[in-house]
Structures are given as structure tokens and as C-alpha cells.
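Down below are the structures I want you to see.
Both complexes shown next keep chain A, but they swap its partner, so chain B is in the first and chain C is in the second.
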Partner chain A sequence: MSTVLETPARAVEPAHPSRSWAPVFALARFEARELRMTIPLFGLSILYVAWIVWDTTQRQGDYPILQDVDRATPGMPLLIGLAVMLGVNRAVLRSRRCDTDRHFDVLVVEPWRRTVAHALSIVPAVLFTAVCVLVQFIWAALKPGAAGHGSPAELAVGPLTVLLFGMLGVLLARLFRSVFAAPVILVLLLFGMLFVAPSSGSNWTSWLGPVVTESGSNPLPSDLLERPAAWHALYLVGLGLTLAVLAVLVSGGRTTVVKAAIAGSVALTVVGVVGQSAGTPAGSTPARDRATNAPEKVQTCLKRGGSTYCAFPEWTGRTADWAEVVDRVQNLAGGSAGGERLTVRQRIDATYGLTSDTLISPSTTPGQVTVGTSWGGNRVPEFAAAVASVLVAGNEKAGSSVCDARMVTIMWLALGGESDPMTALRNVRLDDSVSGSAIVLSPTESMSMSAEQTRIVVELLKKPRYSVAGKVKAKWTELTSPRTTTARVAELLGVPAADKSAAKAEADGDSCAE
Partner chain B sequence: MTVMTRALLTPVLRTLPWRALAGGGATALLLAGIPRMLSGAPDPWLGLISLRGAALALALGLAFLLDDPARHITSAVPVRRPLRVGLRVALALPGAALCWTAAVFLVPEEARPPVGALTLEAIATAVFALASAALIIQRSTATEPGVAVSTGLLSTAAAAFLLLPDGWALLVSPDDPRWTDTHERWAMLLTVALAVGTRACVEPLRAWRLGSFRGRAQQAAPL
Partner chain C sequence: MSDLPTTPTVSASGLTLRYGGTAALDDVSVRLGEGVTGLLGPNGAGKTTLLRVLATAVPPDKGAFTVLGNDPGTTAGRQEVRRALGYLPQAPGFHPDFTAFEFVDYVAILKELTDRTARHREVRRVLDDVALSDVRGKRIKKLSGGMRQRVALAAALVGDPGFLVLDEPTVGLDPEQRMRFRELIARAGEGRTVLLSTHQTEDVAMLCHRVIVMVRGRVRFEGTPAELTARAAGRVWSSTERDPGAWAGWRTGTGSFRNVGEPPKDADLVEPTLEDGYLLTLDGEASEVAAA
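Now for the complex of A and B:
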């Protein structure tokens, strides 16, 4: 408020045209406060903070992969940027709307300095976004299950998007003297971005958009991402500066500094575009090939209990979680399987980069279990099912083609040690059911269980663990033989037989006819 | 009343924000025309996006419909607010309908999403914009709510696109199993917007206003 009173007082000394930047900063401070108080920005900021809290406290976010977390941050800043752009656009045009333009002609602050002040008023919003992004990332990184490395360039995309949109708002206000121009151009830009550059990252034009999300179902080690994140950040900085300096230029700032600044920022943008247009490689690179086909060359192996756990360097901290599941499953197994030395190996298919969604083929090495790069939630019972199938069938390839009564043993081993086995059963089955036949997910190829097998497994899971565990250990040889029928397994484990017709149909199904 | 309406017709026609309306309409047609301009086989997803863009652009234009810089001067005319607002809406309606029809036909037939459902979305968006504008006018001293409404509309649309949880989704594609449920929600939204809009068109009886402090802030703002 005081600035409003001060400035006219300075204006009465035309003999010494004040070249001080103090009024510019004062105006920037005032405009920043006005911007903060606009309803859309205020509302969206609250929404943003709420979303961060909600998103980070979600249970499936318990084992975050930091190189994926950083890439997921710029979604909400896009919204903030949108509100900032429209807000600042309105602020620049306020004097025109209120018809006070001619009053400003008597002030020492020339129009181009006012533009600078408006551009500076965006800075607090950018800083706010940066803080939010940092909090989101650090919160995820502090979780005990966090793995991987974040990239500062990826984290910078969110705040830089806000900066870019804000500068665009200032420039549009200086180019088009109508409040209607900004929303319409924004709509055109947003939809144009959807049309021209689907944000898959394979094309160099898609990297011209502010946010390039590439997401696949399987996280990759950070050194295999091959995203030109730093070049992209440079491009965003350059573009934001270019827009700001253009706005200054349009509103009459023709000093040498401004001209130099525009040359510099355009150069930055061009360097960024050239640097990023290599984009993400669509095909394979030597590093990706090595990680896909010969992971043992890059992995670190740790011994825990009797088993060996081989993980990519960023995931070695997670071996303890895997060992816990392996121990739980192995404790329930009988015969030699109870003491078998397993090798748990992390495998990925990085050939086609992030966006590919390929299934990993099951390994044929005896006693080797595959584990993926994500963990937590459904991934835990899926891994347990894979461990159980290797214990029962010998290797993963054989385990994934089991369709006889051994499936009952596999599923009980996998889930019997869980604290909430019925939920785990629901999670591990593709259709989230606990009756009827279904596909059972695993880190590699899925397995299938029939309706009768499901019924027996559900009955077993309802019984106390120790009563079933004794029977499983005692009858281990017969339970893991491919020749044992489902009815016999039910009898061995003390589950009442199903009615005749169902049992008959099941006996036919036991032969793996499909 | 008819005499009054006829007398009002010309001045209202002249004070309509033609540039904003024309801009919105032109943007809508431009967006709807994009799938035809692109080479290659028509993509249904592109058709859906472009029609949604057209609906949003049209609603943005309509958000400025109730802008009237002379509102405080003309508030003394012996015509009640519903008629004044209704006249504006009635004058803009044929143009908007024509524009939407043109936009629908601009999208190639193979790429065109279900027209009825998309029209429902477009109408709901437009009525939402108009109702917000009417509400701002009724509850504040603002004469030109267009900017605020367009900002709010864009923010809401972007937030709805990015943030709505699965169970509440509004923007899904026709092959999604939630398509019907979503359009029930759109119809609900339209009903609510219509009710609020109608309520906002009546003359406020009490001087309960949002904008009293904002008006003061604006007076203090210029530097």
C-alpha cells in the first residue's frame, strides 16, 4: 500500500529521472501478493498441497523408485502454471481494464519496467512450486523402502513449467490487449500440444512440450533411462527467459541489456532443443542390452540365510524384504525344498526403454527366482507365488506351466505365511476373486488355478497355519508329484471333498488339456 | 412486456461481447477442424479430444456473454434481471448451437464420438460457465465476470482432467465401461448448473455481496 503513495512523490522530481529499481521490486512484491490471492491460484495451491499429502501417504507408494518419483512431479505444477498464466495476464491488463493506463504515463516506471515487475511477480509462485516438488520428492526419498536416484533436472521441470506459463501470460498481455486472448490461446496451446506431440518421448517434437512423461509398468535403473532431462531443463529456462525478454521488448524496453538478453536466451533455447532432440533412444543401447541379457555383469549379489540375492546396485537395500518373503515361504515347505539354496535375481527388459511393457520370460536355471523392480502391495504375493513355484517345480519355467494339483501346494506355500492370506489371494489373482478359476500373477509368466484348486486353497487358508504346515511337510513328496490328483491332495490335506460332479469335471481338467 | 423486449433487443444486441463470442466460436471450429487437417487415417481419440476442445472453447466464449461494462448504469431500466439475462442468452444461443453443429460435422464421421453424449458435455460446460457468470454478477459488484469465469473454467477443466479419482471421472473415452455412468454425472452437473444459474438470475433481495472487499482492493491496486 505504501508504494502507491511513495511513487507519485518521486514523480515530482523530473530533473533526476530515477533509474532505481526499487519501484520495480515494490510493484513486483505487490503484484505477487495480488497473484497469490486470486481465487484459482489460491484454490489450486491448496489442492496441490492436499494432493501431495494424499499421494505420498498412499499405501502403494510405500516402496517408491526415486527416478520415477521425480518424473511424476510436474503434473500438478502444470495446473499451477495455468492459474499463474491467467492470473498474471489479468494483472498486466488490469490498468487497461480499469482505464488507468494514462495515469501511469506520469510515473517514472516506464511500461517495460512494469513488465519486468510483472515478470518478477511470478517468482514467488515458482519458488512455491519448487518447495512443493522438493517436499514431495524428499518425503518419498525418506520412506524406508525408497530406492534409486532422483534427477535434479527432472525435479526442475515442475517449477520451470510454472515460470514458462507465467512468462507466456505476461507476453500475451503485452501482445493482445484483450483479456479474452489468454484463455483462448491457452486452450489452443494445450490441445495443440495433444495433437502435435503425443507425450511419449520418442519423437523430437514431443520434447518441445513442457512436460514429457514417459511411464511404463516396470521401473528401470536410473542409468538406463537415457532421458535428455538436463537439456530439457535448459530448453525450458531458455524459452521462459525468451518469452520474458520478448514481453519487455514489446513493451518498449530497447536497451542494450535487453537486446543482449534476448540473444542469449534464444541461444539457450536453441542449444536446449538441439541437445534434447536426440530424445530417448527408441531402440536398444549397449547398457540396456547388458542389463536385459546379462544382468549378472552389473548386479551385486548378497547372501542372506541360505539364499543369494542379486540386485541392480540401486536395489540392494531391498534384498532384506525379498529374503523375508523367501524365508516365510521356505519355512512352510517340506523335504529338500525347505533347505534349498535359491538364487533370487532381479531381471528387467530394458530393450525398448521406459514405455515398453514386455513380459519377462521365466528362467530355466534350477533354483533361480525372478524379482521385478517394483515392490510393495501386490508385488509381494506375486513374488511369493514365484518362490513357491520354484520350490515345488524346480525352476520357473516348469513352475509357470504347472496346472495340476501342485498348484494347491504352490498357492498355500505362497500365501500360508501371510498375515492376511485371503486379501493376498485376492490381490495375486488377476480378476480379484476368491472363487472360480483364475490367472495367478507372478513376476514372469502367469500361472492358472482351477475352481476346485481355488476352493481347496481357500479352505486351507481358513485353517490354522500350524495344522496345515505339519501335513504339508509330512506329505511333501506326494504333494509335489505331478501325478497326484486334486482330489487326493484335498484328502491328504484334510479338506472335505467337493460334490461328485464338480470333482469329476476337475479330474478331467487335471490332465492339463488346454 | 413484448414492447419492452423489442425495445431492448437492439441495445442488448449492440452490447453483446461480440469479439469474445466470435473468438470462442472461431477457436472451437479451428479445434474441431484439426482432425480433418491432419493426414492419415481418422483417429477416434483425436476426434474426441478435438470436440472436447471445441466445447471448452465455446464455453470460454460464452463465459463472457454477461459482460456488460454499463451494467451499473442500466440497472435502473424497468426490466427485471431474468429477462435481461434471458435476452442475452437467447441472442447468443442460435450462434452457439450453429457453431457446435458445424464443429460436430467438421470431425470426420469415422472419428466422430457419440454426438448426443458429447453435446450433453458441451451444454453442461456452457451452462456451468454461464451460471458462474450469473452468480458472480448477482453476488458482487463486478460488471465483467468473463475473465474470472474463464480462468475458473479452464482451471476446473484441467483439474478435472488431471485429478478426478477413477470413481468420479468425467472425461473418459467411448470404449470405456464407465461411459454411461460418466454421462449420468454430466447430466447431474447440468441439472445443478441449470438450477444454480436460474437461481442466480433472480434479483437479489438482500445486499449480501462477495465483492465489497475485492472492489476496495481494486481501487487500491493501481500504482
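Now for the complex of A and C:
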């Protein structure tokens, strides 16, 4: 077809550059609008925004740990990514489904440039996700109780997941001409992510998935997480680009730039895979051991009032909250306890990283109170109980083994200064009850209170604080003696005696034998 | 044949394309100028294949062609041909969830009309030209068959292409819609080259200044509609019974038979039509290939 037979009568000078990218961007804008209006993506986007608003207004999020907040952001983006994948897949296959290929294939923008446009049409969804993630994070970071540091790499995982799934949708459409291929492969992928790839981030294969969720019961300082988040972000970028460039290649774009791009993106992916291959350390590391066994070496101590507050560097801003609780409890105490110089120390078990769930052993150091890395909600009365137990028993170890009548004093000290003491009582008890015997939670080992002790504490909490406080201070020595019976404590504090059978049972319980 | 376009905008020579052992195009040479050229032929004659080749959808195995001076044998030339092309395929597909405006806009983008304001103005213009302004915001799935066909024509016309390829655009339309479509095609042929593939000889008679007849992948006639009609002069006659010597014959509304072929000596000759000429051109090996 190289021979031109005739001199044209009406030769048209090319009015366009040989291959302009402007139509690709115009098409990308058109497709982005179509993608945005697909029901799954539109619905999930609304749901995502609503969820962010709901989540950020919850009180349990008042003391966020930013290195946990960033790691929790990719959940909803994963769903957005799946919707983008299916939406863009259908968009790429639209011409085939609707039999417009025959027409469009003779138009100026070739199929491979249309593939580029489809890939670019994902970008607004990625940006939308990035904005949502940032809003979610910044909202948390601006809360007065926020502590810790977020990682840009962790925050990038959500948007990059959307990018990755979107590009996968484009590639699948170019490889398989059926609209059923993407959903089937999606199900297989989810199956693989859930059941085949190990969930632990310590295994390198788990990092091949887009989102590696590692969560623990207690937040850790950010430098102890040791997650290869930056490498993972690089891997996601590389993989997303590889899928996109492969799709362009499959649809006929075999230019030098495309070939160079595929080499570059594969290289990025490989570097990312190698970088993240170590995964999260499963066991101890020097930093984790130091934080677990000798936290004083890495902590900063601040003096507030008569007490000292030692916290990991990211938590020093929270010492004021601790001090407020300590002051509140000490104000109610009598004897020397009211002015005792306590040392509040943050203690964690970081030996196994986020998977550590060992209970912190109570401290035997006199006047030392343990505080964890979480705060807000139930953690506040739990800490107050720990402070009260140290004031009454001398140290945490002794305080955690109290099961006699001193529990009444401990619990009243812990809760008497609360604005809503009954709710605080409910929160600090394992079974959320305000009657009967129960386990009382604290930052270290739990304590226990009997049914009669509970009855007396409830009665005391119903009384005006000042009326009880005077009696507690006046009878402090007797109230904090292990030999004082529960009945005697009730009498000292002006609480009516229990009926005879209950008193008999309680008298037996005073021996802590139950 | 006389009256060949002296200033051809589309020239093809020796186009050959085989599907397996079958020659869909067999050494086809055509020259098209401004105005509407009709392409007639029975099913399987190669009309659609020729249109697809000229529209750069498939490259020929042999032969060459130019469109508005551009050689589609090169990548750059093919792009230029496509920039100058408006194509309405046979039984065109649509994106049913798009509105008429969105669909034509989409095609406009694929034709590299990138300035949004100018593009939307152009889309409105072509939709206005095909009398779809009132329904441009309606989803295509809610439009009638005739309206959809006009959407497809608008998509072909958007960007003011110099070469318009229409593959059986009037198939499936009712007489009124067909008449309306003829008006649109006639207007589209003003100042541009239109190649119209059709089974309807009336379309050719009413619209085309030239006509090409293809049979079994070859051009059997190329000339004016009058020349094609003239091929039947003296070869159409009326009789009370079907003449067994006629190549084709049928009873007319008046009850008499109209015969086409070589008439007997005392035959009652009647005025031939374009269809008679077309039928005789299809008649086996008797007709000469009249390509230019």
C-alpha cells in the first residue's frame, strides 16, 4: 500500500500534531465522569464520606494514636478500589459490548491511547481517596488528645490500592473480552488474600497483597512498628504502573516510551518487593527489648505537682491528662497518700511488635503506677483504679492482690471524683455491671470486688462527694488496713449494714478465700 | 464510462483482499469525487469490505489508495485519513446508556476535537443537522431505530469530515424515515465525498451522481445512474405471461408481466429504470466490467 497512484486534487494539510495527548486527556475526563457515576462507586463514595464523618465524631476516637490511625485508613479504599476495578473494566469493554469497536477503530485516537485514557480516568478516584484519607488523618491529628506520628507511606496505601485495582481492571479488560472475567478474578484475588496469603505482616508473601493489616491490643511507639511501609508503597506504585503499561502494550501501544515505561515500572516493583521482603520483624529487636524491659532509657520524664510522669517521647503531651487523674484521686485520699510523690510510668510489651498481647506485670516499685499507651474511655477509670490501689496498698503488685475491704476505699478513691461515677464504675468492671461481684480492670493485673463491696461503693457514689471524703480522710488508717472488715468499712463510711446472710457471706469473703 | 471525476478525492487501484480462499475484493479500482457515489451489489459482493478498506479498518492484501491525498499505508498517512473520515458502519453499535449528545461528543473526542467549548458547539451543530436537537439529552436506549440511525449519522458527520463512508444507512427504516435520511445524505454530499453502500436502487436514483456496482469482489460497473439505466434500454418489455427467455420477470400491479433480458422481436418495450440496469449488470458473464 505504499504506492500513491494519483496526485491528489484536494490535499489536506495536517492540522494536528502527529500524536497529540490532548484527546487522551479529554477522553480521560469523559471516562472519569462516567466512572464516577457508576452505581457501586458513587454509592461507596457516599458511604465512605459518611463513614469518615461518623468515625471522626465518635468519642472513643478522642485520643487517637496516629501510627494506628494511618494504618487503619486503607479499609474503605479497598472497597473503593474494587468498585473502580469493576467500573473501569466495564468502561474499557463498553465498545466491545455495544459493538462500537468497528466504528471507533477507524477513529483517530487509537485503542492503545484509549487505554491510556481509561487508565488516567482512575486518577480522580485515587485523588478522592487520597483526600478522604488525609481528611480522616488530619481530623485525628488535630484532636487535642492525639499522640504519635503518621507515616506518609502508610497513608499512601489506600489511594495506591485504588490505583492498583483500577489498573488491574483496565488490564483484565484488555486481556479478557468478557465482563465476567474481572468479577471472577476479583473473587479469586479476595480468596487468595483471605485464605492463601498469611495475614501476619512478618511473612514476606503477605506484603505482596495491597493492604497488610497488623493491629494489636495496645498501640506501640511508631519507631517500634518497623513495618516496611515505604517499600510497600513503592511496590504498589510499581505494580500499578506495570499493570497500566501492560494494558497499553496489549492494546497495541508498542512505542519506545511504552517499552521503556514497562522496564522502569517492573524495576520499581522488583525494588519494592526486595525492600519489603523482610516484612515486619516477628520477634524481638533491640529497640523493642529496650522499650519493654528498660523503658526509662528511652522515656522522657516530666514533673507535675509532686509526681513524676515518664512517657515515651510521642506521649509526653498526654502527661497532663494523667496528672489530672492522679490529682483527682490524691485529693480524696487521706493520711500521707494525699501528698505521696508517685511515679507514673508508661509501660508496654513490645517484644513481638503489634502481636504482643502479654499482660503487663504489676510493678513492685513503691509509688510507681503503670499507664498504657491508650487513653480515653475505659482507660481513664482503669488508670484511676491503679493510682488508688498504689495509694492504698503501697505498690501495684500489692494493690492488684487486694480483695478485702480495702477495695471499697480503692474504688471510691478511683471513682469518687468522676463527674459520672456510676458510668465510670460500670466501665471499669469487666462485666459492665454495678451490682454483684466483678473483676475490676487496671493497666496491669485486674483486681476483684465482692458483691457487698460493690453495694457499699455504689451507696458511697450516690452520696455527695464531700460527705464521704471527710470520713475517708478521717478514718484513713483503718480504711486502708487489711484487717478491717467490709462491715466495718460500711459502718465507718455511714453505709447501712447489709442483711445478715449477706453480711455472713461477706465476712467469709474478707479472708480473700473466695 | 464517461464523466469520471477529473479531480478525485479518493483513488483506489488494484485493491485485493482475501479471507481464506475467498476474494472479498479482487483487483478493485475506483475513483471518487465530490458528491454522493452509490455502491450497489448483492450480498457478498464485497461492498462492506471495500468500505472497511477505504475507512482504514482493514488493510488490503494488495493495491493502494489515497484519501484526500493521504496514503494510509503509513502510520502518519493513516492518521490523516482518519482525521478526514466520517464512517457510519452497517448496523452501527451505540452506547445505550449515553445520551445522544454524549455519544456524539465521545466520537468527537476520538476524532481529536479537544477544545471542550468548540467540540460541544460542533456536537450541537450536527445534532441539529440531523434534527435531533430536541432529544439530545435523551438516552440512546430510549430512542427509536430511525433516531438512532440519525445519531450514528451525526457521529459520522461530527468534525466536518471530507470523506464520508455510509454502509447501508437506510436499512430497517420506514419509508418516511428513509426519505428523511435521503435528505440528510444529500445535504451531507454537498462539498464532500460520500460513498454510500446500499441495496436500495431508489437511494441511488435519488441521491447519487455516480454509481458503482460490485459483484463477487469485482467492480462490474462504474458510471452515472443514467448510464446504468441506459444499460437496460431496449431490454425491458411487458407481456401478458412471464417470458421464459427473460433473465428476470415479475407480475406488476397492473397484472401484466415486466421482463428483463434479451427481448423477442415483437416485444412490447417499456421505459427502463435504474433497477433494470442494475439487474442486467448482475446478469452473469454477459455484462462487461465497466470500471474506469
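Following the convention adopted for this analysis, the second predicted complex is superposed on the first by the 494 of 514 C-alpha atoms of A that agree within 3 Å, B and C clash if a C-alpha of one lies under 4 Å from a C-alpha of the other, contacts with A are read in each partner's own complex, and residues count from 1 in each chain.
Here is the rule we go by: a contact is a pair of C-beta atoms (placed from the backbone, for glycine too) under 8 Å apart; a residue touches a chain by one contact, two chains touch by 3 or more.
If you're wondering where the values come from, they're calculated on a predicted model, not measured in any experiment.
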item: First, second, both or neither for A:27, with chain B first and chain C second; value: both
item: Touched partner set for A:108, first chain B, second chain C, both or neither; value: second
item: Contacts of A:87 with chain B and chain C, given as first, second, both or neither; value: first
item: Touching partner for A:180 - first (chain B), second (chain C), both, neither; value: first
item: Touching partner for A:98 - first (chain B), second (chain C), both, neither; value: both
item: Chain A positions touched by chain B in one structure and by chain C in the second; value: 1, 3-4, 23, 26-27, 30, 94-95, 98, 100, 103-104, 107, 109
item: Interface residues, chain B side, partner chain A - complex; value: 17, 19-20, 23-24, 27, 30-31, 34, 38, 46, 49-50, 53, 56-57, 60, 64, 144, 146-148, 150-155, 158-159, 162-163, 217-218, 220-223
item: Parts of chain A lying in touch with chain C, wherever the complex brings them together; value: 1-6, 8-12, 14-16, 18-20, 22-23, 25-27, 30, 94-95, 98-109, 114
item: Chain C to chain A touching residues, read off their complex; value: 6-9, 11, 13, 31, 33, 55-57, 59-60, 63-66, 68-74, 76, 79-80, 82-85, 87-89, 91-96, 105-107, 109-114, 116, 119, 155, 162
item: Residues of chain A touching chain B in the complex; value: 1, 3-4, 7, 23, 26-27, 30, 34, 38-40, 43-44, 47, 51, 75-76, 78-79, 82-83, 86-87, 90, 94-95, 97-98, 100, 103-104, 107, 109, 178-181, 183-184, 186-188, 190-191, 194-195
